[in-house]
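Both complexes shown next keep chain A, but they swap its partner, so chain B is in the first and chain C is in the second.
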Partner chain A sequence: MKKWNPKLMILVSSAIIGLFIANGMRLNLDLITPVTVKSIISAKNELSAAKLEVEDLEELIEQKSSELKTLENIASGEENIIDIIESDLKLNKAKAGYTKLEGPGIEIIMFDNLLLDNNVISYNDDIIHDVDILNIINDLKVAGAEAISINEERLTSSSEIKCGGPIIRVNGRSLGAPFTIKAIGDPKVLMAAVNAPGTYGETLKTIYGIGLEPYIVDKLIIPSYKGIFAFNYAKPMEEGD
Partner chain B sequence: MKKKGEVVALIFVSLILGLILSIQFKTVNLSVGEGVLPTQRAQQLANDLRKVQAEKEAQLRLIKELEDKIVVYEKGGVENDIYAENLYKDAMKYRMLAGYTDIKGPGIILEINDPPIDIQFGEGFSIVDELDLILQLISVLNAADAEAISINEQRYTAFTEIVRAGNHIEINGVSTNSPIVIKAIGNANTLESALSLKWGIVWQLRNYNYIVHLTQDQEVEIPRYRRVKDFVYASPLEETGN
Partner chain C sequence: MVYALVGILVGAIIGFLLPYTYNTAYTLYISVAILASLDSVFGGIRANLENTFNTKIFISGFFGNAILAAFLAYIGDRLGFPLYYAAIFTFGTRLFDNFAKIRRLWLYKERPIKTKE
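Moving on to the complex of A and B:
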């Protein structure tokens, strides 16, 4: 006599298998999301960028803790608050662009394409635009420029570079071609930033024929910001806001 | 025979099941693309990223704490000395100018979203490809007398660079992506009209199908610059009374 009905067995076991599969799928829902090589590469890039940020922050923490330590030394009489604030003031003044700076760097002379016999499509390609200068400045900043000026106008965080017909306006003053851009920093890196193949500067020079002549200078002097800048709208945020 | 019929039916059902499974796999492959990999690596990367981000947040908290302490010490130190107090005020002014203070005030908020992906041509384009436009935007804002600017919560200072790195942007060494949110403090009306001028920069962006929202705000908050920047090459030149 049959003890078990085979049909029933099959029914029961398939039900159990079905349950298992469904359960497994539910548990590993994120495991079975498909992944491509592309998404892995972009995740990797993101990770390395995040790691760099963490390194930057670590540096900042170190700086802040050393600042705190010097401040704590005031109580023991080793440091003077006035000295600390004075050095802070000097540094921030330089960073904000209110101090004349000196150091090694490069000087770039830029002038419009002066050739008459070239067959250009538009006269616009022959002259220097604000975008060209903005891109060169950005490249210099990427290369770690510590201070930049255009025709003796120091660039600060609030300097505009705008086309205004035949001239370019910087810090509210009109500058005409040729433009002399000075940047203090590591001369080799700065040079590469405007001169290396594939950079914006090189394209400008070889394709559009715009004059762009960088020189390494051992001792550059970059003037301070000459304008008057006041905060009329912005207010510092109170601590603990 | 009845038994044999059952076996055949079972085989038939299993075959169909197998077919359905393989078809399913094929479709997934086709719709997602070749090169579907085991997901372990991706998960590991995601875990690492989460860990690094948690670390970053902890560091930011620590920095905030340190900054608060420093302020307390400085304020305490200058309390009883008029000269020190004035010096401190001056130092604060330049700290603000250099971008080392969180500030707020009236201004504008500009949000740039990537255009919707064109179904016909596949991949869309992104503001990441046109950093020129962001540089120009900042220049326009500065021309309209903006007092402080931030891009995706990164303060724009004299050292701020905007670089493309892969398919995202790095600003102040911090990677961000679209949507780009640019905040500026200043005269809100001037800033808005400078941007939304016909043939102006926002017009140009909209012309390229970017989805741009420009709003005025009475309380724009702009964070401070958080990056160590030391002068290695440049040294201050003492003014010789001219």
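Moving on to the complex of A and C:
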């Protein structure tokens, strides 16, 4: 092999290094930090959050464009604004509980423990309390109940369920046992919410011996709210403030 | 040493003038490779001053070290473990080692002190 001049070798090899260094400088990169598992996870979280935000915004776009469409229809005279507002009013009334509603759901009949010779410590364990009703109602709401009534008293957002001695008070009216709770929703899910092992309803039935008989009904009719609701203190806030 | 500096300068000028650049994804590998080959060049300078320069060793070290360092960085990337630290520590230490010896050889040119081999 031909003997190379060491100085020339060093010159050439350092030229190669210089070439790469200059190339790297031209890329103008930010400082490279080692990628750790932690940074990958945090980047992933950021990404999923951003994706969620995009989804929300896309939904908003859809909603707004449909709103715009209705407004355009109104402007072109295809739709009457009174009709739209009336249908809006209907929907809002139904939501607030001022409309009779019908649909599939379950009917629960609850009555006090009628056996007299059972070994209970207190007679309080034998009767239905406001708390029992409240818990059952809550379970039904979790299961997706859309409208609920107790003994033909519609439950609204301001309905109370209060103990009143031998009776309970709902919407300011006194109701006595037996109670009939009606709920519109997915019958199977609602049934499971009061009947499945471990639920409050099942505990009431099997441990306290309180009567709790749920039935699936294909066409339930839930009455409207009979009272008058008015705001005395609360004021609606302007949107966008 | 002067040759190395001149070489780096010449290379840098060519690099700035060349229209080609490598992919940004390879930056880590390239920088580790640069470190390894820089160490080889310093080793070459030292060997030249000690009159023990061997072309075969220099060339194989120059490219071999660079490729090995880049390969380590690549494998580490695939495994999710920073293996290139090995290259950085080894070549970084050796770089300063070589430089220290070059300084001593330069400063005591008239009466070279004994260096451990």
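Basically, the second predicted complex is superposed on the first by the 170 of 241 C-alpha atoms of A that agree within 3 Å, B and C clash if a C-alpha of one lies under 4 Å from a C-alpha of the other, contacts with A are read in each partner's own complex, and residues count from 1 in each chain.
The rule we apply is simple: contacts are C-beta pairs under 8 Å (C-beta built on N, C-alpha and C of every residue); 3 or more make two chains touch, one makes a residue touch a chain.
Bear in mind the structure is a predicted one, so any value in this text is a computation, not a measurement.
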Query: If you count the residues of chain A that each partner touches, which comes out higher, chain B or chain C?
result: B
Query: Given the touch rule stated above, what does A:Ala177 touch, chain B (first), chain C (second), both, or neither?
result: neither
Message: Between chain B and chain C, whom does A:Val37 touch in the aligned arrangement: first, second, both, or neither?
response: both
Task: Examine A:Ile127 and indicate which partner it touches, taking first as chain B and second as chain C; both and neither are also allowed.
output: neither
- prompt: For A:Ala192, is the partner it touches chain B (first), chain C (second), both, or none of the two (neither)?
  reply: neither
- prompt: Taking the superposition as given, does A:Ala15 touch the first partner, chain B, the second, chain C, both, or neither?
  reply: second
- prompt: Between chain B (first) and chain C (second), which, if any, makes contact with A:Asn23: first, second, both or neither?
  reply: second
- request: Figure out whether A:Ile109 sits in contact with chain B (first) or chain C (second), or with both, or with neither.
  value: neither
Statement: Interface residues of chain A shared by chain B and chain C, listed 10, 32, 34, 37
Message: Considering only the defined contacts, which chain C positions touch chain A in the complex?
response: 3-16, 18, 20-22, 24, 27-28, 30-31, 33-34, 37-38, 40-41, 44-45, 47-48, 53, 55-56, 58-59, 62, 80, 82
- line: In their shared complex, chain A is touched by residues of chain B numbered 10, 28, 32-39, 41-43, 45-46, 48-49, 52-53, 55-56, 59-60, 62-63, 66-71, 73-74, 77-78, 81, 83-84, 87-88, 90-92, 94-107, 131-132, 135-136, 139-143, 145-149, 156-163, 165-168, 170, 173-175, 185-187, 221-222, 226-229, 231-237, 239
Complex contact set, residues of chain A against chain C: 1, 3-4, 6-27, 29, 32, 34, 37
- prompt: Which residues of chain A touch chain B in their complex?
  reply: 10, 30-40, 42-47, 49-54, 56-61, 63-65, 67-68, 71-72, 74, 81-82, 84-86, 88-105, 130-131, 134-135, 138, 141-142, 145-148, 155-162, 169, 184-186, 221-222, 229, 231-237, 239-241
